[in-house]
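Two complexes are shown next, each including chain A; its partner changes from chain B in the first to chain C in the second.
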Partner chain A sequence: MQFEESTIKNALVVRVRESRIVADVAPQFKEGLIAYIRGGNKNIVLDLSEVTFIDSSGLGALIGSLKAVGTDGELVLCGARDAVVSMLKLTRMDKVFHIFGTPEEAASSLS
Partner chain B sequence: MKILLVDDDPVARSIHSMLLHAQGHEVVEAADGEFAWQLVEKGQIAFVVSDWMMPNLAGVDLCRRIRAAEFEHYIYVILCTSKGAKADLIEGMDAGADDFLVKPISPEEFRVKVRAGERVLSLQQGLSDKNRELAKINTQLHSAHKLVEDDLKAAAWMQQRLLPLLTQHAPGVRCAWRLQPSGYIAGDIFNLFALDDEKIGFYLLDVSGHGVPAAMMSVTLSMVLTPDATQGSPLKRYDAVAGNSQILSPEDAVRELNRRFQSRDDRYFTIIYGVFNVRSSTLSLAQAGHPSPVLLRSEEEPVILGNGGMPIGLWPEIEFDCFDISVSPGDRILLYSDGVTECIGAHGEAFGEERLLICLREQQSLPLEELLTRLLAEITAWHGNSEFTDDVSLLAIEITNEGIQYRDSETNPETQQTYKRRKSDAV
Partner chain C sequence: MKCLTLEIESQLSNVSLMGVAINAASAYAGLDKEKASQVELSLVEAVTNSIRHAYHGEPDHRVIVTISFNKNCLQFDVYDTGTPMHEEQVDLLIRGRGCIESENLDLTSIAEGGRGLEIIHKTMDEIVYKREGDRNHLQLTRYLGAK
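So, the complex of A and B:
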């Protein structure tokens, strides 16, 4: 599981360099995000523009990471493709996550 | 190193023996090939220096015998010739000799050639030690794997027995099911049961992830999701005023489940839970993150019910779909897991909701069992084989106007027996 980091305003933008977040990479995916959170990053933008598919384990890891941020910070999404958006909508997770178009829009919402 | 020195000439033998002793080797002597062979056969010889021309088995024939015997350890053979002719070398190599010495033997050449042989044997020894070690590990792995596999097979058997405990008395419905786990054991599970005299509960659920953890949770859930669960069924609530247990609506039951199963490890499940009220002919359904069920009515197009909703255990403030529909005898509802719609075909395309609907439209006049057989065959054909990457489960329920009606799985003779017994009890 590879991430690419950048900073926009006060937010850490984490771009997921993986096309499928499925059972075999879900634990590393979550560990990676938890490491950013433990590292003191309060505002995290997760850029999903390269992700084409998230399965049930991937969704679990995503929500687990959101829970790990807790009330101390924020984890928002951007760049989600249609398949990922419809998965989030089917499971109503679009009500739990803030989903933005671009990393800039997402970062602005956090500043 | 122990070296077998073979020569019919006692003078040459003693000179060579002396040279080998000087190098620190232990020397065993033989005056002819046949005696040498007897020593080799006894074992513990890994190095042979043999003269070519000898009575009772020539050196080259001794060499052939050694190679033909295929000893477990390698035997390094140096042949001594007096001629050093090319034809001899070729014959000797063909017989399996590793090296040659030409008589009269220079002590220096003798020393380095023996040392080269030692190096080869030491490499050989190292390799065979490693191979032995690998073979041992392989055997251990094999037995460990077998243990896990046996456990999984036992677990699969237990899970199959747990599956629709369709033995319970449930008038007004007929049902059929299929479960094709992706491994030995499934994270999908379903059941149907009488909640009271007029209500029938049923569900199909899919635990996220695969393998043993998902299967353990699905089995736990199947224990909890019964009207008479020992530690307070989430499908009922005790009413202190009335002094009895009230059956919860699917909506309340799903909220209760979500309250109880907030995960600590990202594991969650999707479910369709339904209650059929036989008296009012109403079907109430709650859909929590699970693929939408399909309503089948004769002479009508199949209808997709519901819009998804949050899975259970993922988020404390759950939001999901609930709906009531009026049903009449002959109406059917099909519950299935996403292993059906997301089943990948040969070209990487998912089976999908559309194809499911087409298939159901074509087959909906068939009896329930046949309908599921055909549907599963379609899904299997789409995938190319029945080695699915996700559990495939199907639960079809038909409303009847009869009393007790059960169409149990043919693969579960025990439940059939129980059913028969119940029938005879009733008589």
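So, the complex of A and C:
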């Protein structure tokens, strides 16, 4: 599982460098995100613009990461493609995650 | 009726290849991009269940998916020779329980897992599960032009 990191304002932007977040990579995906959270990053923007598909295991990893952030910080999404948005809507998780178009918009929401 | 059979070894790393092929076949059969993605999601969940629950994550078994379609519907037959599905799982798959609709969206209450069968229930028009001798046969049908 590869991530690319950058900073916008006071947010850590984590770009997911995988096209599919599914059962075989979901544990590493969650592990990677939890490492950022445990590393003290409180405002995280997860850039999903390269992700074309996510299954229920991938969604579970996202939910687990959001729970790990807890009330001390925020984890928001940006760049979600149609299939990912469709999955979030199908499971009503679009009401749980804050979803933005670009990393800049997402980072602005956290400042 | 046009027909295609796909077969993979029971490893999670093979599921994406199956999913991509199913998406392409669904688009060829006439589903638009969003519906083809939903069908792909449903089949990825079904095949992942076969590997995780029927085969308990063991490699070197086979999961077979037969895709067939005519002008009215797209049908997927998923076969494995693992452990049968539990009755309550079959009931959840076929009848659904509205778990997604009734889920408390408070962050502390949200479950990380357990959505796979409900996703299949929500995205497919007909679902049949049969134990045929020593194999599981899950038949998933999506109407063309519906949902």
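In this text, the second predicted complex is superposed on the first by the 111 of 111 C-alpha atoms of A that agree within 3 Å, B and C clash if a C-alpha of one lies under 4 Å from a C-alpha of the other, contacts with A are read in each partner's own complex, and residues count from 1 in each chain.
In this section, a residue touches a chain if its C-beta (ideal position, glycine included) is under 8 Å from a C-beta of that chain, and two chains touch if they have at least 3 such contacts.
In this text, all values refer to a predicted model and were calculated from it rather than measured experimentally.
Student: Quick one: chain B and chain C on chain A, clash or fit?
Tutor: clash
Student: Could you figure out whether chain B or chain C reaches more residues of chain A?
Tutor: Answer, by number of touched residues of chain A: C.
Student: In the superposed arrangement, does A:91 touch chain B (first), chain C (second), both or neither?
Tutor: Both partners, chain B and chain C.
Student: Could you say whether A:63 touches chain B, chain C, both of them, or neither, answering first, second, both or neither?
Tutor: It touches chain B and chain C both.
Student: By the touch definition at the top of the document, which applies to A:83: first (chain B), second (chain C), both, or neither?
Tutor: Second partner only, chain C.
Student: Regarding the shared-chain residue A:17, is it in contact with chain B (first), chain C (second), both, or neither?
Tutor: So A:17 meets neither chain B nor chain C here.
Student: After overlaying the two complexes on chain A, where does the chain B footprint on chain A coincide with the chain C footprint?
Tutor: On chain A, the residues that contact chain B in one structure and chain C in the other are 23, 56-57, 59-61, 63-64, 90-92, 95-96.
Student: For a test of understanding, state which residues of chain C touch chain A in their complex under the given definition.
Tutor: Spelled out, the residues of chain C in touch with chain A are 11-13, 15-16, 19, 33-34, 37-38, 40-41, 44-45, 48, 52, 100-101, 103, 105, 107-108, 110-113, 115-116, 119, 122-123.
Student: Which of the residues in chain A come into contact with chain B in the complex?
Tutor: Listed in rising order, the residues are 23, 26, 30, 56-57, 59-61, 63-64, 89-93, 95-96.
Student: Which stretch or stretches of chain A touch chain C in the complex?
Tutor: That would be residues 20, 22-24, 53, 55-57, 59-61, 63-64, 66-67, 82-83, 86-87, 90-92, 95-96 of chain A.
Student: Touching chain A in the complex: which residues of chain B?
Tutor: On the chain B side, the touching residues are 206, 208-210, 263, 265-268, 270, 289, 307-311, 314-315, 319-320, 338.
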